[in-house]
Structures are given as C-alpha cells and as structure tokens.
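See the structures that follow.
Presented sequentially are two complexes of chain A, the first with chain B as partner and the second with chain C.
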Partner chain A sequence: MKMQNSSTISEKCAFLADYASWLWGCGATCARITKNTARIARALGIDCELTVMPSHVELSLAGADGADAAVYTRRTGHSGISFDINARLSRLSWEIADGLVDFPEAVRRFDEIKRTRPTGQWEVLLLVGPANAAFCRLFGGDWAAMLTVLVATLAGYPLKQTMIADGRDLRLTFLCAAFFSAAISAGAWIFGWGDTPDIALATSVLYLIPGVPYINAVSDLMAKHYLCAFSRFMDACVLTACLSAGLCAGMFILGLEKF
Partner chain B sequence: MSSEIFVNIFEDGLFAAIAAIGFSSISNTPRRAYAVCAVIAAVGHAVRYVLMAPDIAGMHIVMASTAAAMAVGVLGVLLAPLIKCPAEVCLFPALLPMIPGMYAYRTVQALISCMLHTGEAAFDRYLSLFAQNGLTCTFIMLGMVLGANIPVFALKKISFQATR
Partner chain C sequence: MVQAEITWWAIVAVLLLAFIFRAFERYYTECRPAAGDKPRRSLFEEGEEGQMLYVPGDLSDEDAELFDNL
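Moving on to the complex of A and B:
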C-alpha cells in the first residue's frame, strides 16, 4: 500500500514539474507559473516547493509520514512563446483545483495540450504584414512607406519561419531576417519612394522585436524573480542587438549614406 | 479642427488594432482573443495620442505611454475573464504597438555615427543624439511595462482567476 501511495505521489510530482516547465516554455510569467503549480499541488494534496530558474524548474517534495524526500528537475523551453498553451494550461489548473477533473484525466488533458498546434504559418504571415505596415503608419510613415514595409515583412517573415523550422540558431535567424527586410525596405531610399523612407527602413524590422520577453522580464522583476527577470531581459537584449546588426548590415551593403 | 482630432484619434486606434492582431498572432494567441487585443490596443494608443496632443493634454511621451499602458493593463485584466484567457494574453500584444521603434532606430543610428565620425564636433553631436534617443526609448519601455504590469498585480484576484 505504501509502495502504491509513493508511486502515485511520484507521478503527481513528475506531472507538476512537467506542468511548470511547459508553462515556462510557453512564455508564462514566473508569478503565473508558481501560482498555477501551487494551486494544482494543493488540489492533489502534495506538499512541495517549486524553484523557477532560467533554464530549469525544480520541484522539491518534503519527506513526511515515512515518504521519501525527492527533487524533480525539468529543463524549460519546449514550445516557443504560445499564449494559446498558456491559456489552456491555466484553465487546466483551475479545473483540477475545482475538482472538475481527476488526476488521470488531468494527465490526459495535459498530453493533449502538449500537442497544441501553433497558429498556421499562412495565417500569421497574412496578419503580420499588415500589422507591421500599420506600425509604420503609427510612426508617421506615408502610404509608400507602408507598402514598402508590407513587402519587406512579407519577404522577411517567411525567412524567419523557415530558419526556425530548420532548427537554426535564433540569433542568426533574427540577424538574417532583419538583414533581408532592411535590404528590401532600403529600396524606398534608393528609388526615392514616398517622403518617409527612413520610417520605412526603421519599421521594416520591428516585427522581430522580442516584446513578450521584455514585458515578462519586468513582470518577473515585480514578483521578485530576479534571476529569471535578468535572463529574459538579456535574451531579449541579445535578440534586439542581432536585429539591429542585421538592419545596419542591410544599410551598409546597399551603401546608404545614413551615418 | 475638433473633427480633425477625432479622425486622427480614430485612425491611430484603427492602425494600433491592426498591429495588435498581427503581433498577437506571432505569439500564438487564441483566435478568440484577437478582437479583445485589438480593442485594448486601440483604446491604449488613442489614450496616448490624446495625452500627447499639444492641444489637449500635451504630456511628455514617457508619462503618456505609462498612463496609456496602465489603461491597457486595467482593460486587459477586466476583459480577460470574458474570453477565459490569462490577462497577459490580452494586454501583452495590445502593448506592442506602443513600442518606441523610431527612438530605438535613431539610437542605433546615432551610436554607429559616433563610431564612424572622429571629429570632435560631429562625435559630440551624435553622442548627444544617442543619449537623447536612448534615454527616451528606455524610459518609454520601462514606463510601458511597469504601467501594464501594475494592474495585473494590483488586481490579483481577477487577473489570476480569469481562466477559472
């Protein structure tokens, strides 16, 4: 009986550790990861502590009533930023806490959530192009600049998608996509399209800005998860530096006298 | 004059909404959240436009961005339960259209110009531009993310129960 109990506790702890690592991976804030995991742990009757670190999560089980103490470590980062997975995992935590699903059903739903398909590539592409063109307009770009940004985004974004799908380094991906988009939008300067070619050039790479990690970093800072905050902030800074380098390379190679 | 301002506010909100939908799709946001993201982004950007307009409030861009981000944060927290999504899902994409892209671009441009110009006068000019744009960009970003996150933590009961 004791063996059976201990096996169940171990399964539940493994589930909790996996759950926390997936929440981290999909871009949830540390406050949400700790709250959701603690909520499920309470519902499952597990007395544990969760430590959230930049590259892994650690679930420590306190040994009590003859049960063994144990630590469950999981590496973070599985899915890339996905608010869909974040929302579904958060809902699962409440379903468990409110007693709407039992543990085997929760495991089944968790496996289902892990298989969540990302937003279709064409759908994202069709939405990102106009979005970046609208962004250009918000910065004061004219219609020629908006059109240039639309084309530069529609050319650069598939490159990003392809390189990520091929498993290329994210920093290299950002650099190449920024270079490609900047080189195309530099056409507005070279051929004198419209009155705001500088705005077209500046906004053509902004679809790459890692906004979510920046915002998450400050959220973690406010929740006193300083290590995760710093890690997310540095990740975002490195990617921003890569896209800036790509932008500058694109301008230099086309000989723009902007410096 | 007044009708022109309303047209500008509407235009600002409309383009912010289009930008928010596109940026939310990059982060794999559920489709049911697109409309809410668009509305929040439109309101947030329009609020910033009004606060910055010289004829109306004439606020500095840093203060206006912080106040607008706080409005985005409150709306995100309040509307998230309607679509059963965490507050971040609604407010993060809505915040992205306010990112100070032009300031960031001018900062990088001035930094490179600093390196390329060895003359003291030109160097000082570009260094000043670098500092001016860089500081503005940094403080806008800081004000935005703080302003948006404060409501999430201040209204904890709503923001962490949205998916219940």
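Moving on to the complex of A and C:
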C-alpha cells in the first residue's frame, strides 16, 4: 500500500515537472510557471517547491518523514513560443484546481496539448507580411514604403522559416533574414520608390525583433527571478545584435551611406 | 547609383535562386518516391566540431558509444 501511494506521488511530481518545463518552453513567464504549478500541486495534495532556472526546472518534494523526499529535474524548451499551448496549459491548471478533471484525465489532456500542431507556416507568413507593413505605416511610411516592407517581409520570413526548419543556427538565421529583408527594402532608396524609403528600410526587419523574450525578461525581473530575466534578456539581445548586423551588412553592401 | 542597382539585383537574384533551389530539392526528396529513400544531401552543410578540431586518436561518437558499452 505504501509502495502504491509512493508511486502515485512520484507520477504526480513527474507530471508537475513536465508541466512546468512545457510552460517554460512555450514562452510563459516565471510567475505564471510557479503559480500554475503551485495551483495544480495544491489540487493534487502535493507539498513541493519549484525552482525555475534558465535551462531546466526542478521540483523538490519534501515528504513528512523524509521517506518520499525527491527532486525531479526537467530540461526546458520543447515547443518554441506558442500562445496556444500556453493558454491551454493554463486552462488545464484551472480545470484541475476546480476539480473538473481528475489526475488520469489531466495526464491525458496534457499529452494531447503536447501534440498541438504549430500554426501553419503559410498562414503565419500571410499574417506577418501585412502586420509588418502596418508597422511601417505606424511609423509614418507611405503606401510605397508599406508595399516595399510587405515584399521584404514576404522574402525574408520564408528564409527564416526554412533555415529554422533545417535546424540552422538561430543567430545565423536572424542575420541572413535581416540582411535580405534590409537589402530588398533598400530598393525603395535606390530606385526612388515613395517619399519615405528610410522608414521602409528601418521597419523591414521589425518582424525579427524577439519581443516575447524581452517582455518576459521584464516580467521575470519584476517577479525577482533575476537569473531567468537575465538569461532571456541576453538571448534577446544576441538575436537583436544579429539582426542589426544583417541590417548594417545590407546597408553597407548597397552603399547606403546616408543612414 | 548604378553599382547599387546592380548589387540590389544580384542580392534579389541570390535569394530567388535559393528559394528555387530549395523548392527543387524539396520536390526531389519528398515528391518523388524513389528519391525519398535516398539520404538527403545539401549543397551547403554545417560541419561538426570533431571535423574541425580532430586530433588523430580521437574517438568518434559511434566509437565512444561502443567503448562505453564494452
């Protein structure tokens, strides 16, 4: 009976550790990870502590008599940033806390969430292009600049998707995508398309800005998760430096000395 | 400005060629059943650390795994 009980606790803790690592991987902040995991742990009747680190999560279980004490460690970063998975995992935590689903059903739903397919690359591409063109308009670009940014994004984004799908280094991917997007949008300056070629050039690489890591870094900073905040911030800074290098390389090769 | 125009067209051509090459490669490996069985070969590939910093006598990953299992 004791063994059976211990095994159940072990399964629940393994589930919690997996849950926390998946939340980390899909782009949740540390505050959300700790709150959601603690909510599920309370509902399951487990007394545990969660430590969130930049590359892994640790769940420490302290048994009353020390017999069940254990540490469960999971590596983070499974799925890439996904608001869909993030929302579904949060909903699952509330359903467990409200007693709407029992543990076996929660495990089944968690497995289902893990199999969530990412948004289709063509849908993303068709949305990112107009969104970046809208950014150009927001910064004062005219219609010619918007069209240029749209084309530059539609050229650079598939390159990013392809290189990521091929497993290329993310920094190299950002550099290449920024270079080609900047070079194509520089056509507005070279051929005299519209009155705001400078805005077209500057906004053509905005789709590459790692916004979620920057926002999460600030959120982690506010929640006093300084290690994770610094880690996310540095990751975002490195990617931003790469896209800046691509942008500068495009401008340098095309001889745009005005900027 | 003429030089900038030529450079711009060259960059656009390189990107277009990359997409065309990729589409061709994808068609060749995924849409043709006979070709799909063959291992995929890329024109450019990233090397491994062992290829750059190889010291005679180093164990390859496979050798190291075999050695561990002995």
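Going forward, the second predicted complex is superposed on the first by the 255 of 259 C-alpha atoms of A that agree within 3 Å, B and C clash if a C-alpha of one lies under 4 Å from a C-alpha of the other, contacts with A are read in each partner's own complex, and residues count from 1 in each chain.
Simple rule for what comes next: a residue touches a chain if its C-beta (ideal position, glycine included) is under 8 Å from a C-beta of that chain, and two chains touch if they have at least 3 such contacts.
Every value quoted in this text rests on a predicted model; they were computed, and no experiment measured them.
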Which superposed partner A:91 touches (first chain B, second chain C, both, neither): first
Residue contacts on chain A - larger count, chain B or chain C: B
Chain B versus chain C as contact partner of A:159, first or second or both or neither: second
Contacts of A:219 with chain B and chain C, given as first, second, both or neither: first
First (chain B), second (chain C), both or neither touched by A:168: second
Touching partner for A:186 - first (chain B), second (chain C), both, neither: second
In the complex with chain C, residue positions of chain A that touch it: 155, 158-159, 162, 166, 168-169, 180, 183-184, 186-187, 190-191, 250, 253-256
Chain B contact footprint on chain A (complex, rising order): 27-29, 31-32, 35, 80-87, 90-91, 93-94, 98, 118-119, 123-124, 127-132, 134-135, 137-139, 199, 201-203, 206-207, 209, 211-212, 214-215, 217-219, 222-223, 240, 244, 247-248, 258-259
Contact set on chain B toward chain A in their complex: 12, 15-16, 18-30, 33, 45, 84-86, 88-89, 92-93, 95-97, 99, 101-102, 104-106, 108-109, 112-113, 116, 141-142, 145-146, 148-150, 152-153, 160-164
Contacting residues of chain C [partner chain A, same complex]: 1, 3-5, 7-8, 11-12, 15, 18-19, 22, 42, 46
